[in-house]
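Before we start, here is the structure in question, set down as structure tokens.
Per-chain numbering from 1; labels A, B, C, D and E assigned in written order.
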Amino acid sequence: MLEARGVSVRFGGLTAVDAVDACFAAGELVGIIGPNGAGKTTFFNALSGVTAPTSGEILARGQRLTGRRAERFAARGVARTFQTPRVFAEMTVRDNIAFGLRFAGRRPRRFWLWGEERDVPWSLRTPESILALIGLPQLAALPAAAITPSQQRLLEIGMALATRPRVLLLDEVAAGLTEAEVEQMARLIRRLRDELDLTVVWIEHAVTTLLRHVERVIVLHQGRKIADGTPAEVVRHPEVVEAYLGDEMADAGSGAAA
Amino acid sequence: MTPRDLLTRDLLVLFGLAGWALAVPHYGSPFVVSMALSCLMYVVLSSTWALFCGATRYLSLATSAFFGVGAYVSALGLETIGWVGSIVLGAAVAAALAVVMGLAVLHLRGTYFAMLTFGMTELIRHAVTYWEKQVTGTVGRVLTVVPEDGVVYLTVLALAVLALATSILVRRTRFGLALAGIGADEVRAQTLGVPTRWVKTLGFALTAAFAGAVGAAMAVRWTYIDPVTVFNPFIGFQTVLIALIGGATTLWGPLLAAIVFSLLAETLRLSLPQLYMMALGALLILCVLYLPGGLASLRWGSLRGWGTAMRTWWTARRYEWSGDQARDEQRLKERRRAV
Amino acid sequence: QGSAPPVRIGYAIARTGPWAGGAQVSQEPNYLLWAEQVNAVGGLDVKGVRRPIELVSSDDRSEVETCVRTYEKLMASDKVDLVLPPWGSNANFAVAPLANRYGYPFLAPTALSRRLVEMRLPYFFLLLQQPAPMTGALVDMLKANGVKTLAVIYVDDLFGLENYAALKVALQGSGISMVEDKSYPGGVKDLSPVLRSIKDKNPDAFVGFTYPPDTILASKQAKEIGFNPKFFYASVGTAFQLYKNVITPAGAEGVLGMGSWNAKTSPGAKAYFDAHTKKFNGKEPDRWASGHCWAGLEILSAAVAKVGLDRKAIRDYVARTEHSTIIGKVRFDGSENVATPGTVGQWQNGEFEVVWPRAVATAPLNANKPAWK
Amino acid sequence: MMWYRDTPFQLGGSGRAHLKVQGLSAGYGAFLVLRDLSLEVRPGLTVVLGPNGAGKTTLLKAINGLIGRQGWITLDGEDLPEKTDQIVRAGVALVAEGRQLFPQMTVRENLELGGWLLGRDERERRLAQAFHDFPKLRERADQLAGTMSGGEQQMVAVARAMMSAPRLLMLDEPSLGLAPKMVDELLTMARRIADAGTTVLMVEQNVKKALAVADRGYVLERGALVACGPAALLARSSVVREAYLGAAAGDTHSASEAAHRAMRPVAA
Amino acid sequence: MSLQSWFELLASGLITGAIYALVALGLNLQYGLMRILNIAHGEFLMLGAYATWAAHTGWGVSPLLMIPVSFVLLAALGLLIHRLAFQRLTATSPNLDVFEARGLMVAFGLMFLVQNFASLVWGADLRGYDYLTSPVSLGGAQFAANKLLVAALALAIAVALIVWLQRTLLGKGVRALMQSPVGARLVGIRTERLHPLMFGLGLGLAGVAGCLLSMTYTIAPAMGEPYSVTALIVITLGGFGHMGGALAGGLLLGVVEALGMHFTSPSLKSLLSYSVFILVLLTRPQGLFGRALKT
């Protein structure tokens, strides 16, 4: 579905992402974890075309997209959310979603014409159905600036879904939620993946919950991929424990492994 | 109102206005016509400016460059390619210039973009001056064969109608939405599938084409054109000003402001000129401060709002000046201390 | 007396914006003074009937478009009896065809371009001497005083270019060689690099086709770098009172410029000069276009007195008659004033004297400019 | 890499600040989020818990003067001024929601500005201290704050608030976006700040960890306090456990619902 | 070309450049730091020039004495304008972009107001006076005394500003204030004080520039626009908000123009300086001395 081959991103002397290989298969739910500044967001930026990688290649559904602009990624079905919500503050919540819908699934090269046909899941047809899906229908008419950051993160998911993606990249969508709410968010994400047949890549620091729900975890550390495997494998990975987890999963680790 | 109703309304308003403007030469004096003409010129310039710059928040100061280029095309080509030909060519050359300019500068935002467009306008002006001097040995051009005044008026009117119709339509298309998205958050819009570079360049070229066409049409009224006059940055500034005063994100705002501006200017200009310009300045400031959404956002409610605000302000001042406020605060403090 | 309807005379002129500086020195004060003087004697003589003058005026904001619009209003809607011209070549270019179409005689005092003459508009008359006679007189004078070398700078617009071209023509066969010619853009803030390189060439004469701010800048910077040729000529602005104020009378001594008259030229000129200075609290008219402006008003008065307010008749009168004015004889060939010869002026003891040609000179030429002070 | 050093923070004004809030109402425009709220922040570390949209952020903003308020707030018996800059001068610092960094200024400049009220020398000293406490920030001192990663920005925000050496430090979800290890370290740090004499008021979603380090806690829901008490007690109370700790989560998402089900008052 | 003429050329370029820098400093405070694109900058400069001219020709006050006086006058005017217009504008603008656009409009309004006020009071005629125009020899070349004074003061003011802004946090505080008003309040900045102060200072500097320029150039109510434009170019070249950048940018522009005028034609001067400007902006949008900004 989406593949990164030896992707590196450098800012001046700093290598934020260092030759990372990753492949996300159709229908997978993959978690990405790593310490602060490990390069997770930057990796997402590269995967979604927001930042051009310094080296390496990115392929979406078999097509080489390296160096293309972000809208090509969107057109190939890669959608993402932003860690610091970037909603259209002055538009209403509904219009934020309607925006993505109007550009969804059309290829920029045929900007004025109809794009490729696709059978769109019923729940992604209208802004209302998407709002219902993410559970924000009661806020539809508010300007996006007036809702709390956590609600904006939900809205970000809605906007991403509006582009009718194949791959959904989620960057800390559950930040600032209580544990129970994180759990709910995780269920929502799984539901989305199952119902819409998506590939989901999910960055989150709420490891306990994350590891319970994902099928595979990639661990980044100082830009490098230090582990890639099932949650059970990863929590036992000594380098991961050293760099990231600390004693976080000391008790839960066995639970996840089980 | 549903979007369809709104569209109908907008089109009706447009037809109404166009019909009225069309009738002006038949009952108005030549002076009214010429006033309407310069009003229409700013309608075209500022509503197309708002179409692109208002939506995307790219503050372009290049309007006068396009205007001037159009004027020069008309001055050079009027005799060979005719009236319609020079208008079309003026639009085309301006649009082409905008594409080149856009590819160079549209990756920069905000201040830098504004400064660059301004700088490029000046550069073009000086380049034209130099070129004229080197090639033709003089700087200005005299337009001798000119069409009838009526023709100029009708042409600019047609351009105005076209400009407004374009605005009405663009606002309803994905193109317009894309422009608005770019204005709100360019990268976000991109990740939602908007081919931003195309949209921006196209929008910029569209604006430029209109400005070029207007420049081509207006040149003939001035008989003699030289770079200083037709590339006058104030044409660009005034355009921006009118659009912003009217409300750069609104459809009818620029039109409204252009009309208000022309009328006001004409009526006040005849009395004390300096005072008139000062009044204009003061009005501009008041307008920005108390009507930030532009003239188009003026409602009865806002008038009432000002009234209430003024009253509350006055009550607060009275409360403050009478010493009641200080007393009350003191009393409150003492009560709290007692608790 | 009071029953006579007023003669309505309209004009638009720059009171605000960049043109205002020139317009408020050379042009509008004259209109106001004229109307006041005429009304003081009972009004304008219209074929023997005195009718008061009513000026219908407004600001053109230094914009061509506004100017055109206002004249359309004056001539087409207000149907004023007469119009007076706006300030500057650009505005006159735009308005002249219009005046022609509506049949208003137009006596422009501050428009200067061959192209205006070449447009052959029957109702349009230019009072100022054209570049050719002006530069002709200059070269004549320089030649007569043994000048061998000359350097010129000129502003990059129609005014500068036409004068420069005329100068080149005038220099042909005069035996004077042009050692340096540089053009510069208007509004320049530093001319010293140019002046220094001219200084190095050490020409006998310096000629600048410059506008007032640049004239003053060039003078100040010439003083600054110690560039003091025998003949220092700068066109527009030297004839202004401002020049004397800024450079000081001692500093201005010997500077040449475009000037065509002063209070000594004729008794009428003296009367005009005094009336002007009195009305505007010591503000003097400039010694170049102000005179032409006043002369235009004189011609207009005479025409109206003779033929009334029939504008066609006025035009014919203006075109066919040789007028005598404060600046001397004025006669038109087409649009051009061919009677007034090209002149050169010079600052001498705090007065701007006409020094060339000798026939109209108010003082002899001082052929050795003293050092800048 | 170590994220912090073991040396204690040196903070000014170890007056053991005591904040009292009585009858506080605040909101946005006509919409009141908090109504007639009373609480007390004693020296030590106090944590405020509550679901999304409960009004926690609103509470901190109201105390800090970022939004208008009604009611009495006293700090050590003295009225807290109404304007933010005066409040800051009075020794209250807030790490706000959304961080409110200066994105186009470097990390160093951000920190320097945190010491706006200090003299030059004092500022230099504290800057050195902040870099000492957050070595990562020293390493990135000249990076623009806006380009730091989410977690790094959070560190900058906390460090900036510390620069002013407040008497009362308020933290709005300081652990937002921090890796688990960082969260632990940050909370430990908050604890040590409190121990060093600065009163700390903290809003946290990491309920378990927060309660583990806090002295006292409040639970806020829909603009009203529904529970309060020593942290240890709160952590054990079934209300909080069910609502926030996902113990027997079920469909219960608020403490009041849980309390309803439990039908048992929380020890205060 | 001899060494001597090189020296003359460079020196005259540097002097003009210093004048450019002087003109730009005030605007750099307002636009570079505060994002108020004060297009009326040149108009305030004109006010300073007129005040000096009026005082000198009317009452014989020395223009030197008018330097501090016009600073104080204009700074006070700045505080007043800020109180009347920009205070409300800062309070009501939702974000920086909007603030900038609205500020621009207010500045246009001010431009109309001030320019026509001057033309109402003093008339539209060109004005000027003679002060310190006698040439001074410097290393074999001659320069007008007043220009040297202007250049020296420009340098002194620029250096003073650089040092002052460096040593205090004020400059950073203003920038911070514009980037995040809430953040600025959170660190204890008295936004309602700092903002007017900087604005007033900017106008005061415009006043000083006007005062000094009136010694060298003629003045007129419409003289402001070219100065505003020059100032904008200089601060863009130098990097917004960098006082050192403005100084360097001004000097660079002056030298480029002087060399350009000498080696090509003076007519190409504007073409040249705009080309430099555009080139710099395209290759280094943050200005020669600004710092790169990536998001």
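In this text, a residue touches a chain if its C-beta (ideal position, glycine included) is under 8 Å from a C-beta of that chain, and two chains touch if they have at least 3 such contacts.
The model shown is predicted, which means the values in this text are computed figures rather than measured ones.
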{"item": "Contact-richer chain pair (by C-beta pairs counted) among B-C and B-E", "value": "B-E"}
{"item": "Farthest chain relative to chain D (centres taken as mean CA coordinates)", "value": "C"}
{"item": "Mean-CA-position distance for chain D and chain C (Å)", "value": "77"}
{"item": "Distance from chain E to chain C - Cα centre to Cα centre, in angstrom", "value": "35"}
{"item": "Between chain E and chain A, distance of the C-alpha-averaged centres to the nearest whole Å", "value": "49"}
{"item": "Chain A, residues touching no fewer than two other chains", "value": "11, 90"}
{"item": "For chain D, residues that touch 2 or more chains besides their own", "value": "147"}
{"item": "Set of chain C residues in contact with two or more other chains", "value": "15-16, 156, 183, 185"}
{"item": "Sites on chain B touched by chain E in the complex", "value": "57, 59, 104-105, 108, 110-112, 114-116, 118-120, 122-123, 126-127, 129-130, 133, 187, 233, 237, 240-241, 244-245, 248, 273-275, 277-278, 280-285, 287-289, 292"}
{"item": "In the complex, chain D residues that touch chain A", "value": "49, 51-53, 57, 97-98, 136, 147-152, 154-155, 173, 176-184, 205, 207-208, 243-246, 249, 252-253"}
{"item": "Contacting residues of chain E [partner chain B, same complex]", "value": "35, 37, 39, 85, 88-89, 92-93, 97-98, 100-102, 104-106, 108-117, 119-120, 229, 232-233, 236, 240, 267-268, 270-271, 274-275, 277-278, 281-282, 285, 295"}
{"item": "Touching residues on chain A, where the partner in the complex is chain B", "value": "48-50, 69-71, 73-75, 79-80, 82, 86-91, 99-100, 102-104, 106, 108, 111, 159, 162-163"}
{"item": "Complex contact set, residues of chain C against chain B", "value": "15-16, 58-59, 61, 64-66, 68-69, 72-73, 76-78, 89-90, 93-94, 96-97, 115, 119, 156-158, 161-162, 165, 183, 185-186"}
